[in-house]
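Supplied in structure tokens, the structure appears directly below.
Read from first to last, the chains carry the letters A, B, C, D and E; within each, the first residue is number 1.
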Amino acid sequence: MDLLLIFIGAAVVNNFVLSYFLGICPFIGVSGRLSSAVSMGMATTFVLVMTAMVTWVLQAYVLGPLRLEYLQTVAFILVVASLVQFVEMVIRKTSPPLYRALGIFLPLITTNCAILGLALFIQLRGYGFVQSVVFGLGAGVGFTLALCLMAGIREELDLADVPGPLRGAGITLLVAGTMALAFMGFAGMI
Amino acid sequence: MKARVSARQEVLKGLWDQNPVFRQLLGMCPTLAVTVTALNGVAMGAAVVFVLVCSNLMISLVRKWIPGQVRIAAYIVIIATFVTVVDLTMKARFPELSSSLGAFIPLIVVNCIILGRAEAFASKNGPWRSVLDAVGMGLGFTFGLTFLGSLREVLGSGTLFGVTVLPSWEPWVVMILPAGGFLTLGLILGGVNLITRTVEARRRRAVVEASRVTARIAVTGIAPGSPARGEA
Amino acid sequence: MEPTLIPALVTMGGLGALFAGGLAFADRKLRVEEDPRIGDVLSQLPGANCGGCGLAGCQDFAVKVVGGEKAVTGCPVGGPDVAAEIARILGVEAGESVRLVARVLCRGTAGEHAAVKAGYVGPSSCAAKALVAGGEKACLHGCLGGGDCVDACQFDAIVLNENGLPEVIDELCTGCGACVTACPRDIIELHPEDRQLFVFCRNRDDPRTARKICAVACIGCGICAKKSDGAITMVENLAVIDYTRLDPSIIPVDRCSTKAIGFLHPAAPVADESAGQAASASAAG
Amino acid sequence: MSAAPAALDQTGGRATPTLATSPHLHGWWTTPRMMWAVVAALVPSLAAGLAFFGWQAAGVPLAAVAGSAAAEAAINRWRKLPFTLGDGSAVLTGLLLGLILPPSLPLWMAGLGGIVSIGLGKAVFGGLGMNIFNPALVGRAFMQAAFPVSMTTWAANRLAADAVSAATPLALVKFREPGLGAVEVAPPIRDLFLGTIPGCLGETSALAILIGGGALLLLKVANWRTPLAMAAGAALFGGALWACNPAQYPHPLFHLLSGGFLFGALFMATDLVTTPITGRGMAIFGFGAGFLTVLIRLFGGLPEGVMYSILIMNAAVPLINRWMRPRIFGAAR
Amino acid sequence: MVRLRLRDRSFRGGVHPRDEKALTRDLPLQDMPDPDVLLLPLQQHLGRPSVPAVKKGEWVREGQLLAEAQDGISAVVRAPRAGTITALQSGGTASGFPGRMIALKPGPPPPAADGEEARETAPVTLPALDPGAVAPADVVARTRAAGIVGQGGAAFPTAVKLAPPQDAKLDVLIVNGCECEPYLTRDYRLMIERPAELVEGSALLARTLGVARVVIGVENNKLDAAEALRSAAAAPRRAAWTAGIAVEVLPLRTKYPQGAEKMLIEAATRRRVPPGGLPMAVGAAIQNVGTVLAVRDAVVDGRVQTNAVLTVSGRAIRRPANLRVAVGTPIADVIAHCGGLTDEVARIIVGGPMMGVAQHDLAAPVVKACSGILALTREELGPSLEPGNCVRCGRCAEACPLNLVPSRLSRLAERQRFEEARDSGIEVCMECGTCAFTCPSHVPLVQWLRLGKQEARKLGRRAS
């Protein structure tokens, strides 16, 4: 039950994009087409889960015992960036189709605030290993959900007469704002 | 590679032409998250300016020694170090501000502006220009954040930098909620685009006017309004 | 200070060395062959992987630009400088010496020169109009006046003038050819900027019909062709200019009864030396 | 030029030949007629609201309509678009908004809501037919977030059995004393049906809503699938919970009749622009909205969830339309 | 007795425009006197134009060959009346676009010159054939020689449809008597006036195609026609050779476009023709009642197609009528024969109001497949409204009998995203106009769809 709450909380109620403002850059950048949005969402979810595991281990077995908490930011980002780059290389070599579908999004994810944000949240809330993984998964699903909804809307808006100055990022932010208003309905659920 | 740019222009481009908030749409996460008040905007901007200047300078200095494959990781470590400095300093000196900015101070590490400037500018230019670029971009970011923060603070609480400016204002709570951030920035972006488009259209219209005049001269041989007209 | 600093340095140094070494090794082992230009383009990009281009990061953008799927100006962060650099790498602006400009080859103003057969109800787009009995004008080869070319131009270089015909603003025209493709009647062509003599009509109807439906149509009389020394030929009742053989000074433009053939700027002797001579010569003769 | 004018001369030259594409006939329903029909269908609800809350309550819908109409006219004028108040959509948006605001709301707030509805809900997308979210609900959600206190202050219903208390039935159930069962605090179904309870101007009387909404369904201005599916979603989910624990959770009929459920189902979820275009899509949309409504009501922090559930489903409409595209006639399964 | 049943068969979607058939339904078919000049377009059919076989100034007999078919899907043009060829010219046609045509002035031959033999002046006739004994190949040849084209609208050369490829397995002939277009009563009059010949012709075509079953589909607003056909189809009244062929008259729900090929086949057989497929894909052949009668007349009576049967109607026509006119009669003459136009005329249409073509040039002639000439007033066209934005009400998708989403397809075409439009099935659209009829915003859906189809076809078919 606890894990379910963590999952729903991260996926819907406190959606990373719509209520924590994490991962806004890809949310605006990669939500133009639904196909890219799905791939991006899946790649991000993968990295989030991986980050949750790796940073938890790093914190529990290296930084914690050595009392180096102040190095968190540096260590986490280093680990995440290197790991993502490594995974990208592996996928690229081993499976070109998978690389085209997911891999090309990986470098974009390193600088996604959601990744580092997740790592920091996990430490802040003191989650255990399994909780961290579920939290990462929930955050990833929530990110994918928001991204896909937005991509669907933007494909629809491609056919609409959005006023010139608002086209692109402007209308995306306004839609995101309205979605944030709508998601306020979930407030207080967890 | 490009025309020589004056130091002044190097700084100024960040303020409007390549403003990271309004034009390049970089660093959106903190832009939206912390701009609940104008003060937050200034503080966040200052932190970014510091990190940007230091990291740009450092990267520009060591750029020749970093091998290509690991340069991103190296840059991140450099940036992360300065971010940690800022984070710890703020926690010690301005605990209130630090808590209101929350996780977004450590998250400066992954702010696209900083890594972007490192890759795009500092890794290719000398230390002096890199610092100028950093100052310009940082100030542009600060300006964007402060503007957004002021607007949201005034509408959302009737105050500016904590001072009441609209005494009998019924606060629009929505402005300090996430939704308000998205909506305000979306509308501001629309406004900025409207301004640039209007300017551009005016420039275009001037060109068209000029071409019309040329055509008329070509047809009549007389420039409109020129003294020759009377004789003809 | 000392005791805290050492483990910190060791940890970070260790982590850094570990990952740097691993990545360098992996890079060597797992390298994938690709177009060298992708790397060159990539090195010009900001590298922030911000997704501002709508693609999955700078690498993806570089691949798409090299592949021609994305415009060189597609990176909003890089701005014009980066675009120029990418263009240089791709050789997009490969030494084009003659500037091409779009030219509209119809001067049949509806209701004035060109007969109108009926009122039209429906979308104003030329392509849609052409489907309904060929639009309001009786001429099935002339400008439909719906402005599809205007919409197609990304540079605002083409406007519908007060006569309902498109007009190209030379200064803004980049010669991209979008209007040429957009026009369902093929009345827009790209020509060198300084070219002056054109046949401003595409009507291929028989002389009687042509004369009836438009006062400025080429009626296929062939007078210009006869005196052109072979540079103008009559194809399906329409005068066609072979610019490689053209000597504008010998073309009897003033003998064209409908003025379908003529100079872009009729009284612009300065713009084109030979055109000017032709104008004055014919005026004298 | 041809014989055409000659032949038409038989009419004294008054008719001109026309080029136009087939079909040459059009059905009776036009967009303005549909919009005004919905406005007319809202009259019973408005009348009931005025009966319950007094003539002064008319100010709120009037201010909302004025705000939205003014915004529409101003924006179109600025963008140099044709004047569109005649198509009724701006008036409809304002009226819908006015009917889902508390009767005691300050008038300037209602007007602001109307402006936000049109500006943020419609104009930014390019005007009629282009918007993703229901404009009236965007305005309502904005107001709810902007002025949470004013938006949850209710006037007492003059015709209510308890004409002093001013808490809505949903709030009574949501914020009841621990230990009390849902049934004990909920008003009788008869009051919910007639509307003699506190609440938003147009939402209280199920009877009035059913009269207007039913007419729309019969005229086929609104599609019956969405409201039916929405009722089914709420009744099934609410009913399942009620069956598990009747003391803790309210009866499904309570869900259907209380708050803005019927109003939302019949007037908001049937909005043409922001709901799916295929029958199956409408069913999914409605069911989802009904389910989310009950979810938010029972487990969220707010007593009412109709508005949010419809807005959330609005966001999913492009995806629903995409996946529910009908199979072309004769295409293989 | 054929009764109207609420559950008569039909198809999904469609619309119910006011049928307005009362204007002409009770007016028997009349012959119209010949006009001064007949204009015979060389292209009165789908496919490539025919090639003239006569010269200017020549005098021709009625039924004489004027133009040869150019290839398989082309049809011959025969002289509708005896007369003199006055010109080979270009002129306006009812499609709205100009085309080549032969001008023929009806009249007696010029006096024979000295020493010349008096020429044959009787109409050209083909030998009458015995419908019970004629070989299928001869029916096809006769249909081709008579220049018969489909009367259902597309004007497809009928001979081609009567000779399906060897591997086609047909088991039913569907005769289209739906006449779902409002105003038109031409098919209705034919069914009422010539039921026996229609049944005979249907049996003839069934024999030619090798099928044993005929279904005549009639909308249930024409139950008297269905009744007439049913009694004509009753076994005792039929010729002996038709005994092996079952002829069934099937009342169908009155709904537009019930007469569309795919819709009628579904209603009659519950089979669905796949997208891009022909009726033969589901074992059905389909012919319009007018076509069936034309083939029957050509075989049994040896007559060539020289007349067009059409309805002249609309509230802006002074005297509506059902007429038999010589092919090539200018529209203006037909209108004049019907008393001319009233002042209220807003649009003149050739064909039905749902799929017909608005006319700007009334000098254009009536062609073989012409089903009607309508002159409508402003009120008849429906509510007057400036085309507005799509409000995504979904009425077009609900009404589209082919299950397309017209609003989206038209928007894609408008935005020139033809590839996506093609992938969403725009080429399946038959331009029946159901979507645009029902659109409350009066979006010109059919026009955009037509553009989209044209461009999608240009893109070429991608192997899928």
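Throughout what follows, a contact is a pair of C-beta atoms (placed from the backbone, for glycine too) under 8 Å apart; a residue touches a chain by one contact, two chains touch by 3 or more.
If you're wondering where the values come from, they're calculated on a predicted model, not measured in any experiment.
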{"item": "Contacts common to subunit D and subunit E (chain labels)", "value": "A, C"}
{"item": "Given subunit B and subunit D, the chains that contact each of them", "value": "A, C"}
{"item": "Length of the line joining the C-alpha centres of subunit A and subunit D, rounded to whole Å", "value": "34"}
{"item": "Centre-of-Cα separation between subunit C and subunit A, whole angstrom", "value": "42"}
{"item": "Cα-centroid distance, subunit A relative to subunit E, in whole angstrom", "value": "61"}
{"item": "Intercentroid distance (Cα basis), subunit B paired with subunit A, Å", "value": "24"}
{"item": "Of all residues in subunit B, the ones touching two or more other chains", "value": "25-26, 72-73, 77, 112, 115, 174, 177, 179-180, 183, 186, 190"}
{"item": "Shared interface positions of subunit C, touching two or more other chains", "value": "12, 16, 19-20, 23, 27, 48-50, 52, 117-118, 122, 131-133"}
{"item": "Contacts with two or more other chains, residues of subunit D listed in rising order", "value": "2, 4, 17-21, 120, 124, 127, 130, 142, 145"}
{"item": "Those chain pairs that satisfy the touch definition", "value": "A-B, A-C, A-D, A-E, B-C, B-D, C-D, C-E, D-E"}
{"item": "Complex interface listing, subunit C residues touching subunit E", "value": "117-118, 122-123, 125, 127-128, 131-134, 140, 206, 209"}
{"item": "Contacting residues of subunit C [partner subunit B, same complex]", "value": "12, 16, 19-20, 23-24, 27, 45-50, 52, 76-79, 81-82, 84-85, 156, 159, 169-172, 265-268, 270-271"}
{"item": "Of all residues in subunit E, those that touch subunit C in their complex", "value": "90, 95-98, 357-358, 360-361, 387, 414, 444, 447-448, 450-451, 454-455"}
{"item": "In the complex with subunit D, residue positions of subunit B that touch it", "value": "170, 172-175, 177, 179-180, 183, 186, 190"}
{"item": "Complex contact set, residues of subunit A against subunit C", "value": "25-26, 28-30, 32-33, 36, 39-40, 62-63, 66-68, 71, 74-75, 78-79, 82-83, 85-86, 89-90, 92-93, 104-105, 107-108, 110-111"}
